[in-house]
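Dropping a structure here in structure tokens format, bear with me for questions.
Naming follows writing order (A, B, C and D), and every chain is counted from residue 1.
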Amino acid sequence: MNENPKPGKNGFKFPESIKTRITDVKPNHLSTRGYNQEDLITNLSFAEMVFLLLRERLPDEREAKIFNHILVSFCDHGVTPPSTQSARLIASSGANINNAVAGGLLSFGKNHAGAIEKAMELFQTTIKSLILEETDEEDVNKKIARAAIDIVERYESESMRIPGYGHRYHSKDPRAVRLLDLAILESGIGPHTKLALVIESILSERKGIGLNVDGVNAGLLSDLGFDSSLGLGIFMIGRLPGLVAHAYEEMEEEEKFRRFCDLENIVYEGFKNRNIDEK
Amino acid sequence: MNENPKPGKNGFKFPESIKTRITDVKPNHLSTRGYNQEDLITNLSFAEMVFLLLRERLPDEREAKIFNHILVSFCDHGVTPPSTQSARLIASSGANINNAVAGGLLSFGKNHAGAIEKAMELFQTTIKSLILEETDEEDVNKKIARAAIDIVERYESESMRIPGYGHRYHSKDPRAVRLLDLAILESGIGPHTKLALVIESILSERKGIGLNVDGVNAGLLSDLGFDSSLGLGIFMIGRLPGLVAHAYEEMEEEEKFRRFCDLENIVYEGFKNRNIDEK
Amino acid sequence: MNENPKPGKNGFKFPESIKTRITDVKPNHLSTRGYNQEDLITNLSFAEMVFLLLRERLPDEREAKIFNHILVSFCDHGVTPPSTQSARLIASSGANINNAVAGGLLSFGKNHAGAIEKAMELFQTTIKSLILEETDEEDVNKKIARAAIDIVERYESESMRIPGYGHRYHSKDPRAVRLLDLAILESGIGPHTKLALVIESILSERKGIGLNVDGVNAGLLSDLGFDSSLGLGIFMIGRLPGLVAHAYEEMEEEEKFRRFCDLENIVYEGFKNRNIDEK
Amino acid sequence: MNENPKPGKNGFKFPESIKTRITDVKPNHLSTRGYNQEDLITNLSFAEMVFLLLRERLPDEREAKIFNHILVSFCDHGVTPPSTQSARLIASSGANINNAVAGGLLSFGKNHAGAIEKAMELFQTTIKSLILEETDEEDVNKKIARAAIDIVERYESESMRIPGYGHRYHSKDPRAVRLLDLAILESGIGPHTKLALVIESILSERKGIGLNVDGVNAGLLSDLGFDSSLGLGIFMIGRLPGLVAHAYEEMEEEEKFRRFCDLENIVYEGFKNRNIDEK
């Protein structure tokens, strides 16, 4: 059981032993990241448990509060997101709820839910390059301000949108506004969120757009130390309750297939009246 | 926009308007189940938000505590569950994290994660048939005890396992034990959980098996008023953080395809050396 | 490499060797069901290759023709099937084509694409019970006729629809009509298809409905010897080209998210204006 | 029904009418790409039907032969491909066959099955840039030869592998060898396949590697006029029969979960014995 995987001839390793650092399972004993699951069940909030699973340690009180706000802010945005509509459509065909929800997750990609990881990457790469340790706060703020201007100008010159700003429906995303207020109150504003805010002040002046929930959470999660490649995973954990609720709402509707459009709504614009002999 | 969907000629309805009771979205305004999302973000724990989404109302303090314990208890059980192994395998092929996690969800069915809804149905159908309102507590306990005996004998005569009892690895599922202790402390033991406990005392004596986490949570969720058809949805919400953590652990491994077995491990046992002419 | 899997303590077997009867892979050598893939590529039609993969032997000329007709008949039915709409919706969100097509497959269940396996089961169970070997043809026809009447009356008494008959759009499914004509010409009508036809003549008289493509193919596939549990698999193989074409058509559309409905089309009917203090 | 979709305020269009060029559906009438489905069922092979669906016209005899060989060559490569292993794993958990096969499709991405589209893009971009119309054949061959040298040197200088060459198991992919022989016999070698062959002769000399099935088919499909963005779709159509066969083989196995590894095979390497108080 403790053998190292022996190498296969063609570069694959046979999984004689799968190594993991997440949960240790023995008969009548379960511990996750080193803590007995019984103690976790007794003492942790669900948000703290998620933090522990992904960061390999417990959050302190401050971190737990902010991370909880982030997860709640992701929970649902109504029917219109592509993932929610896909989940509802599949649920409406009579498929099981896990199929509906899985189908919803499949619509995430570059165009949908991609902003959070891109924003996290942008903020993290930038802050990392500024080498802010052992810099007094005034200099930190100056460096961040300069970096913000650079970013805005770079994206403008390439006619690209900065991920995390603007929203289809909201000129002022209510979730973003509240998250920032809470972060200020709870000492959650670190260098990444500062950078996000300075960019916002510039964009707000130039284009009238502000941070959306993805942008704020990208800043907050970066300040909490999460790697950008966990961004979509955290978003999915927050959004799954909404997908389950929407799939369930569809399933409870009496009529099957009610979300599916009818022949009357299809317009055929292709070839007509061709004969096989015309091959 | 407020038209009722007009019926299509063939029984389908065209989705001119999708009705929902979950989240109301207006420009700069979001409310879920009637509450401003800003207030939800400020005041609710993630577990309370999940409760609100699925039950259409806020939990009281007692309900919130128990529901939180349930979600934490579902979070992870290591590498071996089929859903976790499927998610790790797909992650290992280099696919995106949402594909890996969605693939994990696809392995749920009758044989995996099916027990929670079956147990909820069993408990709910039984308690409903006992018509316990306006019955004093002693009679309630007697009725439940009789029903428990009936269930054990019925399943035994049909050589079927009662869902929610026993476990592949644990003679005493540590999560189940702790959840019950907490439920007693926090007044979470209602008629469904009582029924589950009486069945356990009988099975424990006859077969040496006890409640597992699915069985305990089936009782607790039923006492919290959740319909059985939400059982798998709640389990998925609790388990997704574990799936994300496992998929991420695979993605962080340097070698691609490390989970895939090699030619050396395949034994071909089918036909050999056939010729097309033998058609 | 040739070891039998050793049993694990808890009933699982570790996959030290996976046994298969499908394709033998050695360096520079590939054979499927015993035939060199080079010879298969040279000599087989795609439909014959599918037959070989699923039935473990090559079809004769008659079988190959009929099986080919069946696969072509499954290829596409326009936009409206739930699987096609789901695939188009996911493609429209910008997800990769494999995600879109996989999402389409997830909508198959009891309510969509379930008829073909149910019809195959019904026909196969019935014919099996008639013990038709060594019965002269006249008696065979009589037994089948009686069985058909039994089936129609049984389903009627239980107010259930016989799978494989009727269609949302077509009073006479053009695919079913043509498939039967070809089957007659090509000697493809065996006892299962005969049974299907006799049931049709009764239903046609009583209810004015006829065989649809699922019902005809259920008869033909049963007469070709396919087990009912392969019905959905064969349907998916036939339908995938259509799903790919539809997903591709969506992807080629310039506008992203064009299939997604807008806020204007959502009607919120749930709670409003609730305050957290009302907990 | 013929209205253009009216624009929503926020950039989404409500699907009042979905336009399609694939299949026209009217009561008792189905036509695909302009041809009656009855005639298609009667006259087309499954491969010809796939060609029609994706290319919007029927193939001529030459094209039909080559396209058929391509689809057969994709059908199965045994247990080891990531998609096949994922499908088998999910099937082994007891999930439905459509879930197993869908799960297999989810593992396609950059690292698995990505080569065919990349190779098609490389060949098509190159040939397009050579402007070969109205060039005599000798000049065409010279231009292609120069382009081949450029490609090999460019990829070598960037330490990148040219997609479509080499194979984990086969020094000479038997499918590629046979496909090329057939293409020569059947006049299927156009400029893209020529380019692929010249690159192969250089790589063969320098590195001892040759075209694999993805590379050959990338050339052949490009010469048949397929856009590179259809490469994965065509591969999935060809490979689905194999995935169905493998999922079915798993389902027929008596023991559930036989593919899943056991606790004995998991090595836990993470934290141990931590106490909640150490928060």
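Criterion: a residue touches a chain if its C-beta (ideal position, glycine included) is under 8 Å from a C-beta of that chain, and two chains touch if they have at least 3 such contacts.
Remember, predicted model here, so these are calculated numbers, not experimental data.
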Length of the shortest touching-chain route, chain A through to chain D: 1
With centres defined as the mean of Cα atoms, the chain at greatest distance from chain A is chain C
As a quick test, compute the distance in whole Å between the mean CA positions of chain A and chain B. 23
How many angstrom between the C-alpha centroids of chain C and chain B? 30
Per the C-alpha means, the centres of chain A and chain C lie apart by a whole-Å value of 37
Where chain C touches two or more other chains at once, the residues are 10, 12, 15, 18, 20-26, 40, 78-80, 96, 99, 102-103, 106, 108-109, 169, 257, 260-266, 268
In the complex with chain A, residue positions of chain C that touch it: 78-80, 82-83, 85-86, 89-90, 92-96, 99-100, 102-103, 106-112, 169, 256-257, 260-263, 266, 268
Using the touch rule from the top, collect the residues of chain B that touch chain C in their complex. 1-2, 10-12, 15-26, 31, 33-35, 39-40, 43, 56, 58, 60, 80, 99, 106, 168-169, 261, 263-276, 279
Okay, in this complex, where on chain D does chain C touch? 5, 8-15, 18, 20-30, 32, 36-38, 40-42, 44-47, 49-50, 53-54, 68-69, 71-73, 75-80, 88, 96-99, 101-103, 105-106, 108-109, 113, 169-175, 177-179, 182, 229-230, 232-234, 236-238, 240-242, 244-249, 251, 255, 257-265
